[in-house]
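Okay, so chain A shows up in both of these, paired with chain B first and chain C after.
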Partner chain A sequence: MATGTAIVRVPKEAQKGQVIRVQIVITHPMTPTRRDPQTGQETPGHFLTKLQLLHNNQLVSEMNMGAGVSANPFIAMPLKVESSGVVKIAYEDNRGGKWEKTAEITVK
Partner chain B sequence: MRKILLTSAVFGLVCAGFLGYQTVKAQDQELSPEEEIKLVQEFNRMMAEGINPGEIWAEMGKEAFKKYNLDKCDFGLGPGKVEGALAQLPRYFPDAKRVMDLETRIGWCLQQYAGMTPEQVKKFVKQCWGKSQCMGEYDAIVMYVSMASNGQKFNVNLKDPQVKRMYEIGKQIYYARIGPWDFNCATCHAGQKEVRIRATKLWSADRPGEAGQAVSIFPKYLVRWSQPMTMHYRYAECIRQMRWPTFEPHSDLAVALSAFLYGTANGTEIKVPGIGR
Partner chain C sequence: MDRRKFLLLSAVAVAGLTLAPATKPAFAASKVEEEVKKRLGVELKAIKETAEIKLTAPTIAESGANVPITVETDIPVDKVERLWIFVDKNPSPWVTDVKFTPQNGQVFLSTRIKMGETSNVRAILQLKDGTFVMATKEVKVTAGGCG
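After this line comes the complex of A and B, so read on.
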């Protein structure tokens, strides 16, 4: 059930032009590809590759990740908000999983 | 000519080796224990800010709580009421005729309302023990019920004779030296002298306030396992490390230890989930 579940947290209200902090936690094992030294058998990795931050369906920033990121990564990004709307993150992993999560923000 | 070449080669090698040693020494400086503790504290502070990944388990627990019919479960404040449940447990339950802490009560309710046998409950509890990144429903339920009491203070009723009896038994277990290595809990977690395992400072039951700080953050998220650790798992790990007989979750030993620890922690604010390395 759970791989790819996320929490996105933004302040409920913000001033126009304010730089807010978007906090994200994603559950993911983030295991690297590794070869067993005894048998030589390769264990395929499972990790996130891309994370996009969108504000009102407009791409703000994009992050490329690899197997070096910790399990259940916590990511915080600054975002300058000019209008109310939806903050969306879209992320995918190397096994074809694609997820989205949204949070709403009101700008005065 | 050949000799000169060889000598210079050897000299060059020695030089290179020395230089390499110097750079390694510069990068990997030896830290004093105080500096190491400061680094660990900084690491803990950085992990504590932001979102705790344990909160995802709480969200999952909300669904699992309904799925396993625990709305009928009475934690001492009425059926299905979880706000403040952790603060007043362990307590005596007349319907089960024994003193129970939070996890024991959840196990009893699973038997009563979800139709599980005691063996199934044991399997359900242990399904994530010794694993990492395992999304266990039991951990999720415990996390959800514990997080509902956030901000309240521990208020275990030690005037109740049954709870008081468990408290005394727990105190005896805490200070009993048994097993092949002659260990007790107090070997590490008692006394005024500071005890450490590597760079981790251990709490002591004798120093005021420290038991409360240690207990109030359970269940806590462990970074090295990338999953939360419940209180009974903590008991099991400590008891395994002490080489005591195998620990069974939801046993009277666990309830007695809980009564002693939560009773000692009375008055501390609950801050669930905690975070640890």
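After this line comes the complex of A and C, so read on.
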């Protein structure tokens, strides 16, 4: 899969007020910036810096990260659902890449 | 031993004991202490350990490139501002921080992190009242994942 593609998993249906787990997997190399100890030359890294979790376009959670998170990051976060709608994640990396991914949830 | 000698000896011993901790700050602060001070604005030593945070991580990690960690807590989400994850001996000890809001319903985070060598993993909760609480777990790493 290409860098930046993501899978977002939420339960199809939930009760009102239930706390669900949003499971996220993003394809990304997450390489750190390295400096060669001999030459002092820097190899630029490529990693995700920010991830936002939104429910019906309202910001719920914001995560900052660096290259300390494993390649192809897996993240699970809680979300309290009060109404049906769209769970969206928006994320960006240190090279200006910006992506979004959504999942739908029905609240009974 | 007569009284004079005993007094002299004990005076030396007490002086030695009090001097030992006093000389410690002369050494450079460890990397994780610097990082915590820089990002959180408090000393790592001032953060209290609490049993209210449950930090789940393997005791021995097969590979440092992929260490699954889970943080759960009984502290209600509306009292929590942010969750920080630090790994003591990583080249860059800060791993991630997550801002929580009441819409999260609870404080929970599960992810996978990299570890360079055997070290402590710290989950620090920044509370709304400005205080910090922490849970620590040592993870033994057989093959590092930062190199």
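What we mean here is this: the second predicted complex is superposed on the first by the 107 of 108 C-alpha atoms of A that agree within 3 Å, B and C clash if a C-alpha of one lies under 4 Å from a C-alpha of the other, contacts with A are read in each partner's own complex, and residues count from 1 in each chain.
Convention: contacts are C-beta pairs under 8 Å (C-beta built on N, C-alpha and C of every residue); 3 or more make two chains touch, one makes a residue touch a chain.
These figures come from a predicted structure and were not determined experimentally.
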| item | value |
| --- | --- |
| Broader residue contact with chain A after superposition on the shared chain, chain B or chain C | C |
| Partner chain in contact with A:44 - chain B first, chain C second, else both or neither | neither |
| Contacts of A:55 with chain B and chain C, given as first, second, both or neither | second |
| Which of chain B and chain C A:76 touches, first, second, both or neither | both |
| Overlap of the chain B and chain C footprints on chain A, listed as residue numbers | 70-71, 74, 76 |
| Touching residues on chain A, where the partner in the complex is chain C | 19, 21, 32, 55, 58-71, 73-80 |
| Touch list for chain C against partner chain A, complex | 65-68, 85, 87, 90-92, 94-114, 145-146 |
| For the chain B and chain A complex, residues of the former touching the latter | 50-53, 55-56, 59-60, 132-133, 135, 223, 226 |
| Touching residues on chain A, where the partner in the complex is chain B | 1-3, 5-7, 9, 23-25, 27, 29, 70-72, 74, 76 |
